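The first chain written gets the first letter, and so on, giving A, B and C; residue counts start at 1 in each chain.
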Amino acid sequence: MGLMKRVGIRIGFGAAAAGFALLVMTSTAWAQEPDQEIADLVAAIDTAWLLIAAFLVFLMQAGFAMLEAGFVRSKNVANILMKNILDVSAGALAFWAVGWGLAYGFSGDATNGFVGTGHFFLVGFDDWASWIFQFAFAATAATIVSGAMAERTAFRAYLFYSVFITAIIYPVVVHWAWDGNGWLSAFASNPIGTNGYLDFAGSGVVHMVGGFAGLMGAIIVGPRIGKYGKDGSINPIPGHSISLAALGVFILWFGWYGFNPGSTLGLTGGFAALAAKVAVNTTLAAGASAVGCAFLSRTRVHNFDIGLTLNGALGGLVAITAPCAVVDPWAAVVIGFIAAPIVILGTEGLDRLKIDDPVGAVAVHGFNGVWGVLAVGLFASKSGIAEAYVASDSYGLLLGGGAEQLGIQALGVAAIAGWTMVTSGIMFLIIKYTIGLRVSPEEEERGLDLGEHGVEAYPDFQPSPSMGGIANMLAVTQPATAAVPATSTSAARGPE
Amino acid sequence: MGLMKRVGIRIGFGAAAAGFALLVMTSTAWAQEPDQEIADLVAAIDTAWLLIAAFLVFLMQAGFAMLEAGFVRSKNVANILMKNILDVSAGALAFWAVGWGLAYGFSGDATNGFVGTGHFFLVGFDDWASWIFQFAFAATAATIVSGAMAERTAFRAYLFYSVFITAIIYPVVVHWAWDGNGWLSAFASNPIGTNGYLDFAGSGVVHMVGGFAGLMGAIIVGPRIGKYGKDGSINPIPGHSISLAALGVFILWFGWYGFNPGSTLGLTGGFAALAAKVAVNTTLAAGASAVGCAFLSRTRVHNFDIGLTLNGALGGLVAITAPCAVVDPWAAVVIGFIAAPIVILGTEGLDRLKIDDPVGAVAVHGFNGVWGVLAVGLFASKSGIAEAYVASDSYGLLLGGGAEQLGIQALGVAAIAGWTMVTSGIMFLIIKYTIGLRVSPEEEERGLDLGEHGVEAYPDFQPSPSMGGIANMLAVTQPATAAVPATSTSAARGPE
Amino acid sequence: MGLMKRVGIRIGFGAAAAGFALLVMTSTAWAQEPDQEIADLVAAIDTAWLLIAAFLVFLMQAGFAMLEAGFVRSKNVANILMKNILDVSAGALAFWAVGWGLAYGFSGDATNGFVGTGHFFLVGFDDWASWIFQFAFAATAATIVSGAMAERTAFRAYLFYSVFITAIIYPVVVHWAWDGNGWLSAFASNPIGTNGYLDFAGSGVVHMVGGFAGLMGAIIVGPRIGKYGKDGSINPIPGHSISLAALGVFILWFGWYGFNPGSTLGLTGGFAALAAKVAVNTTLAAGASAVGCAFLSRTRVHNFDIGLTLNGALGGLVAITAPCAVVDPWAAVVIGFIAAPIVILGTEGLDRLKIDDPVGAVAVHGFNGVWGVLAVGLFASKSGIAEAYVASDSYGLLLGGGAEQLGIQALGVAAIAGWTMVTSGIMFLIIKYTIGLRVSPEEEERGLDLGEHGVEAYPDFQPSPSMGGIANMLAVTQPATAAVPATSTSAARGPE
């Protein structure tokens, strides 16, 4: 690439003596060979797609941050946001140093089905577009966990586990499922079974890892104070802002259009039509699940519950993430409708087991991740597999394609859930018995914002006496009756 | 598309024994014929543009949600957000099942100028990129209505009318104006007049439908309690969060770059330059209208009013939506400046008629939708029409192109406004006299969040005694003096 | 481009008697010549990239708005948001009328190294994609200033200086550095030194201009009441919403993927790989700086401070903006880590000088803008410069490329800082001594929202007695003890 081209592009803006050169002309001037030109165009459009998709997936960090912030109490908002900004930041360094290398890296011929072996710190590597896309996925897996463990997990513990998931636990699963050498991979030269494990955009690889690590974390850190009464009661602890939670879901849904359609990894070679079908399926599953949760919530809690409906949309998105490329739109609708009860009953079931997940991440990402993986084995069409992978006679059980694929998908579920729960369980236990996993009860009552970060998220507004940070802090240190005069309380808030 | 390509793309990440294959190489390896390669590239870039534009338009749902949430009182926030999440969700199912079929569907040769006749449930259909783009537009039309009817409309009524608009009312207008067989369509083989009705991105098709359906809804559901005094006074009811409203406008403006430039539907064939011009015009009209409203608000309410300025930006965006492809930038500035008084005087006029539109949707989308459609007949340039449609001697009246186009645009306004007002009027009346359109006065006072959904949007914060949800709830059920002690009230808030 | 193509594209949706025409077919039908086809594809992909990048940069306006709103007190939220919506709106008109012309415009052969000379009001101009991209950059430079001067600057003064920066101060710097005739420009036929001044996406051109104009503004308008005690104390004035600030940072980071990778201005001609590398470097620098600030804040203020961490991410983004195209990823990490102390010590240093910058804009954009420009001279690799500009033997000092480039970068810093501080200083002084730069002390205490705009941003919520708008308003007009009864205060908020 010579001087003329480089100058030409930028000079397009300037006032070259020869006049104003259009981009079209300057850009094509350098090209000599049609084949080379076409290869350059293919690289341009495929890279553009991968980068833009990566950027949309990155924006999901904003979605998770708003969702998780909205679903926690105001006294823990700065803490959860700090976790969100740092998991993507520290995660970037971790995925640069180690994560990519364990997922896709290799060194010479040395490789294996279990883990990548090279390109640490991206030495000798230059597939930058793939790195940024995969990094955005890794950050998604890691950030899911913070929601399930919100409102009581110590910040130092968080920093450790977040980096460990991004650097180690998640990349290994990626290697299994998506690397050309992975033992589960559909892209292996001799895949397991006929097609290998099919997980187009990561219901299992990304969401199950985040969800099941969150499950282990929620179990090991224990429930928030006051969530489960000694009499067996389950006490709702409403989040502080429905607005932020709803904003988060809209942003996440938007970002999912990078997550799923972007997983074609390019648009040339006929993938454009596939990416478009994936976008349609993603939309329909999210819509069906949100509608399903709205109506189902009415039968379970006598209301159109907005928290469950928001999580419903997310559950449908998680569920369609694996099958989005291989099912027809009608099946996306069915998959979405089935995602709805999984969100609601999953959330209820965890509560019954006294596993406290403040934002519903386990049911949304973990359980619906399982459902999405299995749905491939049930609903994948013969033409869908041919379009997204390689033509095969093994496809969805319900479409007459036999049980083999469903079996492989179940194996994938078992492997991913097993790996994630064992490794993250060990990790959380080590943290618990070394640096400590949980804040003190005093700090939890007072709020993690003041305790861990010395700030209030909303210093200009009066908290409700019954809920807010300062009031709770006072309640810990002095008699509640003195701290909150009855007249003030009843006047401003009344009984609930 | 054979095995090698599919594997190649994904293996690009992996550690194939033969080394690391760049995307460029794997992707081009399969292609045999230059013509086929170029057709593939054209499909890739045009599809990419349509998909990305669709995603940006989808994000407008987040913008509308934040705008509408910000402009209502805190006691109705969860309700309006629930409506926003469900209109896109139920709308996806409705546009899949029915909407597309009535807009663009056909069955064999059976078609007509009034309504589409096939492809229901997308059977026999595979133009996925077009579906997702058109769906995002349909969701926009539907969500406009919820703002105009906010803070008093029953949720069950909302569910019904929202689906009906997405499935029936809106798609018929699309068929008229944008389908190749529509009686108004510029794409018909024998369009009405010389050019047919010109509405590039839908000032009429989308925004007038949303705005005029909202107008009928606002009239039929009636004003909020307390909005209009018996003495003829008009009482401002400020929204609960300027921050969310402003965020909504920024997101909407961003999403409009999908809405308008994306309406080229592709970038090849010379459309790239047109899309760029559309982006410039969109920016200038929005800017001019916001500036206009800021200064005009100063003369009307003695302040730089932020609510009107935010709606001013939106009004400019709506107005430029029809003419964005056929006018020069100077005309975009003029169109934007004229949009400003339409927003402000339109809002004032509705108040004088006691038509209560809490978010200003009717003036922004309905009235400026009309202005945008007519502006085509005034400002469309000869070269602009040639670039975006077909070269013609009929163009903008003010540019010497005669009055014919203005006449056709006026016919389009009459047809769209008439259809929308009649069908939505009948629909709202049927709802009113069957399942009911409005919540009870008690529920309205208390807030729809508690009544319809059993939640508070912001449980951690003390509402202002004069405005908030709980305080109002108490005011309904017990004497206000007992509920809100005078000292507490005056201390925290004082007179307004 | 004939009739058939235009109709074909739109008819793709309709029910043409001949059946359903795929986009691929209609779009390619018109093309005759492979060369012409390839030129069209190049234009399409390069324009798509530039437009999408411009849209992402535009969304940074939402990010700045949320960041600045979150970092000010609730009584000044509507004011800062009004400034944000109007600087992009008035800025669009200013950059249309004057700004572009001074940056890149020319008239015939008349041009010079200091300032553009034509294309005012875009007369005789049609490079629309470049205009929208450059406009989005201009709006970024202008909006930075409002943060540094927040909470006490009069609105009329703001309108004037904002337009002046977008129309005059910023475009001149663009002409110097990026126009093909600019005296500093790397794209000049005889650039200064070997390579000219290298500032790929504008650490200097955009962020230094915004940051140093903000510095002059903050100095001349003076600190907020109460910020600096007479005893030399520095009083923190916490912003009203950590949530909005965090949202702003996530949106800004996302938008930066348009800012930096988009500055390739196209993707063909091999630029796709460069854009991807830029995205990776952008990510790593942001992550490193955020992590650095989180840990450094712990040593400075005994906490993981979220405000500093959020600004840390931004500081890293600013610092990598100039060198993103010419450094390797390891250097991006180093640059990011060094950005962290610049944010924290810069903020502390300004406070020691009693220069009050409520949002930290000067340290983030001004000081890290300087750092980014200089980092090119230290870390630019030989291959990096060849890839992004023209192969050269002058590159980063620390990589053995000599000191020349560092010298040129320092010259660029001096020129940009000097121009910006002198011109903006004169401008602010003229404003101060004519229409006035600052609101009255009464209005400042009461809040600019009520004083300038007659609204409250959050009318439904009770402000904290110690901080909020109404309480402060009362405190000005009547004795505080009467306004805020002790019992109510202590109950709801307690001591801080």
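The rule we apply is simple: a residue touches a chain if its C-beta (ideal position, glycine included) is under 8 Å from a C-beta of that chain, and two chains touch if they have at least 3 such contacts.
Small disclaimer: the values here were computed from a predicted structure and weren't measured.
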For chain A placed onto chain B, the superposition rotation in degrees, Cα atoms, nearest 5: 120
Residue-number overlap at the chain A/chain C interface, same or different (half cut): different
Rounded Å distance, chain A centre to chain C centre (Cα mean): 29
Sites on chain B at which at least two other chains make contact: 34, 38, 40-41, 43, 45-48, 52, 129, 241, 247, 458, 461-463, 465, 488, 492
Chain A-touching residues of chain C, taken from the complex the two chains share: 34, 38-43, 45-49, 52, 56, 73-75, 104-106, 109, 111, 116, 118, 127, 129-130, 134, 178-182, 185-187, 238, 240-243, 246-247, 249-251, 253-254, 257-258, 261, 265-273, 275-277, 279-280, 283-284, 286-288, 290-291, 294, 301-307, 309-310, 313, 329-330, 333, 387-391, 458, 461-465, 467-468, 487-488, 490-494
Complex contact set, residues of chain C against chain B: 1, 3, 5-7, 9-17, 20, 22-25, 27-28, 30-31, 34, 37-38, 40-41, 43-48, 50-52, 54-55, 58-59, 61-62, 65-66, 69, 77-78, 81-82, 84-86, 88-93, 96, 121-122, 126, 128-129, 131-132, 135, 155, 241, 244, 247, 449, 452-463, 465, 470-471, 473-474, 483-485, 488-489, 492
